[in-house]
Amino acid sequence: MGLPDASGDLSSEMEVDAFRRLFPLRFYERHLAESIRPDGRPLGRARDTTIALGAVASADGSALAKIGSTTMLAAVKMEVMTPSMESPDEGCIAIDFHMPPICSPIVRPGRPAEAAPVVSKQLSDTISSSGMINLKELSLVSGKAAWMAYLDIYCLDADGALFDAALLSAVAALFHLQIPAVSLNDDGKIVVSEEDGGKLEKEPVNKEKRKLTLRSIPFSLTCILHKNYILADPTSEEEAIMETLVTVVLDSSSQLISLYKPGGAVLAYTSAVQDCIALTRQRVWELQKILDEANSGMEVD
Amino acid sequence: MVGLSLGEKNFIQGGIAQDLRSDGRKRLTYRPVSVETGVIPQANGSARVRMGATDVISSVKAELGKPSSLQPDKGKVSIYVDCSPTAAPMFEGRGGDELSTDLSVALQCCLLGGKSGAGAGIDLSSLIVVEGKMCWGLYIDCLVVSSDGNLLDALGAAIKAALSNTGIPRVLVAAGASGDEQPEVDISDEEFLQFDTSDVPVIVTLTKVGRHYIVDATSEEESQMSSAVSISVNRKGHICGLTKRGGAGLDPSIVLDMISVAKHVSEQLMNKLDSEIAAAEAVEDDS
Amino acid sequence: MAGRRGTNPTTYSPSLKTQKTRSTIFKDDWVRPDGRGFQQCRPAFFRTSAVTAASGSAYAEFGNTKVIVSVFGPRESKKAMMYSDIGRLNCNVSYTTFATPVRAQGSDRKDFSSMLHKALEGAVILETFPKTTVDVFALVLESGGSDLPVVISCASLALADAGILMYDLVTSVSLSCLGKNLVIDPILEEESYQDGSLMITCMPSRYEVTQLTITGEWSTPKINEGMQLCLDACSKLANIMRSCLKEATTTSQE
C-alpha cells in the first residue's frame, strides 16, 4: 500500500482502502447494491473449492479441502475397542475439530478458540444424523472388538465458512478411508495382517483392505443474511461485519439433514430460508462433482 | 534479572579478558564444590551439591513399573527439575516453569544418551526385572534451592552423587507367571544393589563472555554472556551430550575448541567430584 | 471432544510394533529403509504464504515430514508482560493427533517449543520491534523423522515471509549415528534405533551455529565429521529456501 502519493490514482486507492477499514458495513452495502462482492463474486456464488485425497500417509484416510483460503485437513485413524453392551455389533466414530494457533490470529496456545467446540458438535451431529455411515460395518468380532474411527479435523487457515470446509474435508476423509486388513492373534488382540500373509495360525477378521459404503453424503452451505441480501459462502471479513448466518446441510439426494440459524439480528423469513436451500442444492451438486473428480484423480495415480 | 552498572559490567568483562575474575578465580577454575549425600531419608538416594552460592538437591526414587512396549528390555528414567521460589523471586508461581523445562531437557540430553541407550550414564537394561513385564523406573527429582549461576553443572553433579548413593532393593521373581499377568515378586528389605556410577558423565558448561570462555560462571557473569555450551563428558573422554544456550551464534571452529577445553576441564571436575562423593559417603556411614 | 461424551472406551492401535532388529545395521551391506545414500538428504519442498490469516507462513515437506508454520505480529505483548525495549519471540510447536504412527492426545511439545525459540532468537533482530511480540506457531501435520530441524528451517522461512528482520535465514539439519555409520536427515524408523543424534542449527551465510545438540556417545573426530556433514547440508538447504523466497516475490510482482 505504501504512503500517500501525489499521484491521483494512488490517493483514490488509499481512500477506498481507508473507507473499507473505517466504514466496513457501508463499504459492503455499496457493493451489495451493485450485486457484487468486494472479491468479485456474485452474491450467490461460493469460492473456488478443491479437495486432495490422501494428504496424510500416517492415517488410514485423509483429505485436504480448500474453500477459497479456508483450509481444512481431516484424517481418520482406526483403532480397536471393545464395543458397548448395548450395541455389541457396532463400531464408533469420534469426531473432533481443532483450531490450532497457526490458523488464525485470534487463537493462542493454551487458549482454544470459542468456535472449535461449536463446530465439533455440529459436525458429529450432522454426520451421525445423516446416516452416512453404517456403524455395523465397523464391527470386527461381535461383542469383542470393533473399530473406533478417530476423525480429527484441523483448521489450517480460517477465512470464513469453517463448518462447510470442515464437513467437506471430513466427508472426503471418510470417502478416502481404507479399513486395514486385520486378524485376531493368540492373545485375543487385533493386529494388522502382515503383507506376506505367510502366517496361518492367525485368524483373519478383515481379510482385505476395504472402503466404507457411504450411503448418503452430507454437504453444506453457509449463507449470510443481511437485509434482503443472501451471501453464500462468506469470508471471515464478511462474517465479522454481518452476523446472521444460516447453514443448510443437504445430502446428495437433496434431502434436508439439518439447518442451523444461531440467532443474529436478521429474521429468516420462509422465502429467505427457501432461497438458502435452493443455493445449497446447487452447491451440493458442485461439491459432489468436485469429490468425484478428486477420487478419479486418485485412481489414475 | 541481575542489575549491574556499566562499571561493574566492564569490571567483569575486563577481569575475564585478563584471566582474573572478580572473585579471584582463573577462567577455568571451579568454585569450591561440596557434596553431602543421603539428605532425604525417604528417597532411595539423594545428594546436595553446593558450588559457591549455588545450592541444589537431587533425589532418586525407584518404583517398579511396566517397561514401555517399544523398548521391553529397558527400564525407565525420568529427570525433573523444580526451581524453588526460595532461589529467586522470579521463580514464584509459574515463573520458574520455563527454566525448569529447559534444565530438565538439557539434563536428559546430557545424561540419558541416545535412543538405543548408547552413551547413557545409567545402563537402562540393568533396571529390568522381567523382560517386557517389569522394570525399575527411576524418578530423579531435582530442586534448585539457591541459584548463583551454573545450575546445569551443579545439577549434573548432584544427580551423579545421588545415583552413587542409591540402593535398589533386590527383587526375587516368583516363577510361573505367563501371558498378560504381572509376575509376583518379593522385594528384599535387606539386600540392596548399588549402582555403578563410574559411567555417569559430568557436565561442563563453558560460558562465552567477550572473546573468552569461562567455567562455573556466577549469575553476574552469566548476565554478560553471549552464549553458553554445556557438554557432558564421561570418564573415557567421550562426549555424551551437548546443548547450547543463549542467542548469539558461534563459529563451528569455536564449538570444536570448546569441546576440547571441556574435555580437559572435565577430568579435573570428575576427580574432584569422585573424591568429594567418597568423602560424603564416608561421613554418612560413620554417623 | 463431542461424540465421545460420557463413555470413552479405551482403544489400541492394531498396527504391529515391529521390533526391527538392530543387528542388520551392523552389516556392511546395510541400506537405508528408503534407499537413500548415507549423506543424502530427502528432497525438500517449501512454499511460503500457506496461511492467509497469518502475517507470514510457510509449509515444508521433507519426505513424509510435513509441517506448517505461521507467524503473527509484531503485535501487542500480553498485558502481564513487563516493558521491554527489545521485541519478544514467542514460539509454540504442536502435533496433530494423527501425526505420529500411534495416535496421541493433546500433543503440545514444550521441549520443542523452547528449542525452536533458542534456535531463532539469535537470528531475529529483536531491536526492530520493541515492546511487541512476534508469535511463531508450528503445527506438525505428519511426523516422518527429523521433525524439529524441519520446523526450525520452515519457521525461519515463515519469519522471512512475514517481513521480520533477520541477520540470516536459519537452517537446521540433524543426523543419526547408527553403529559406525552417520546418516543424515534420518526418518522416523532410523531415529527409533539410533545410538546418538546430532542436530545443528546455523545461519549459513554468516557461518555461525545458533543451536547444537548432541545425544549419545561421541568421540571428537566423529563430532567433527558430523558437524561438517550437517553444515554442508545446511548451506544446500539455504539455497533451496532462498530460491523459494525469490520465486514467491517474482510471482507476486507479476
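As written, the chain order gives the labels A, B and C, with residue 1 at the start of each chain.
The rule is short, and it goes like this: contacts are C-beta pairs under 8 Å (C-beta built on N, C-alpha and C of every residue); 3 or more make two chains touch, one makes a residue touch a chain.
Keep in mind that what you see is a predicted model, and the values were worked out from it rather than measured.
S.K.: Taking each chain's centre as the mean of its Cα atoms, which chain lies farthest from subunit A?
M.R.: B
S.K.: Among all chains, which one's averaged Cα position is nearest the averaged Cα position of every protein chain shown?
M.R.: Central by C-alpha mean position: chain C.
S.K.: State, to the nearest whole Å, the distance from the C-alpha centre of subunit A to the C-alpha centre of subunit B.
M.R.: 49
S.K.: How big is the gap, in whole Å, between where the Cα atoms of subunit A centre and where those of subunit C centre?
M.R.: Distance between chain centres, rounded to whole Å: 28 Å.
S.K.: Looking at the complex, which residues from subunit A come into contact with subunit C?
M.R.: 55-59, 62, 69, 71, 73, 75-82, 84, 92-96, 98, 100-105, 108-109, 117, 120-121, 123-125, 128, 148, 150, 152, 154, 156-159, 180, 182, 189-192, 194, 236
S.K.: Given the complex with subunit A, which residues does subunit C contribute to the contact?
M.R.: It is residues 1-4, 7, 9-16, 50-54, 57, 64, 66, 68-70, 72, 75, 92, 94, 96-101, 103, 108, 135, 137-139, 141-144 of subunit C that touch subunit A.
S.K.: Would you pull the subunit B residues touching subunit C in the complex into a rising list?
M.R.: 69-70, 98, 101-102, 105, 109, 112-116, 118-119, 227, 229, 234, 238-252, 255-256, 259-260, 263
S.K.: Could you please specify the touching residues of subunit C with respect to subunit B in the complex?
M.R.: Result: residues 17, 22, 110-111, 114-115, 118, 121-123, 177, 191-197, 202-203, 206-220, 223-224, 227, 231 of subunit C touch subunit B.
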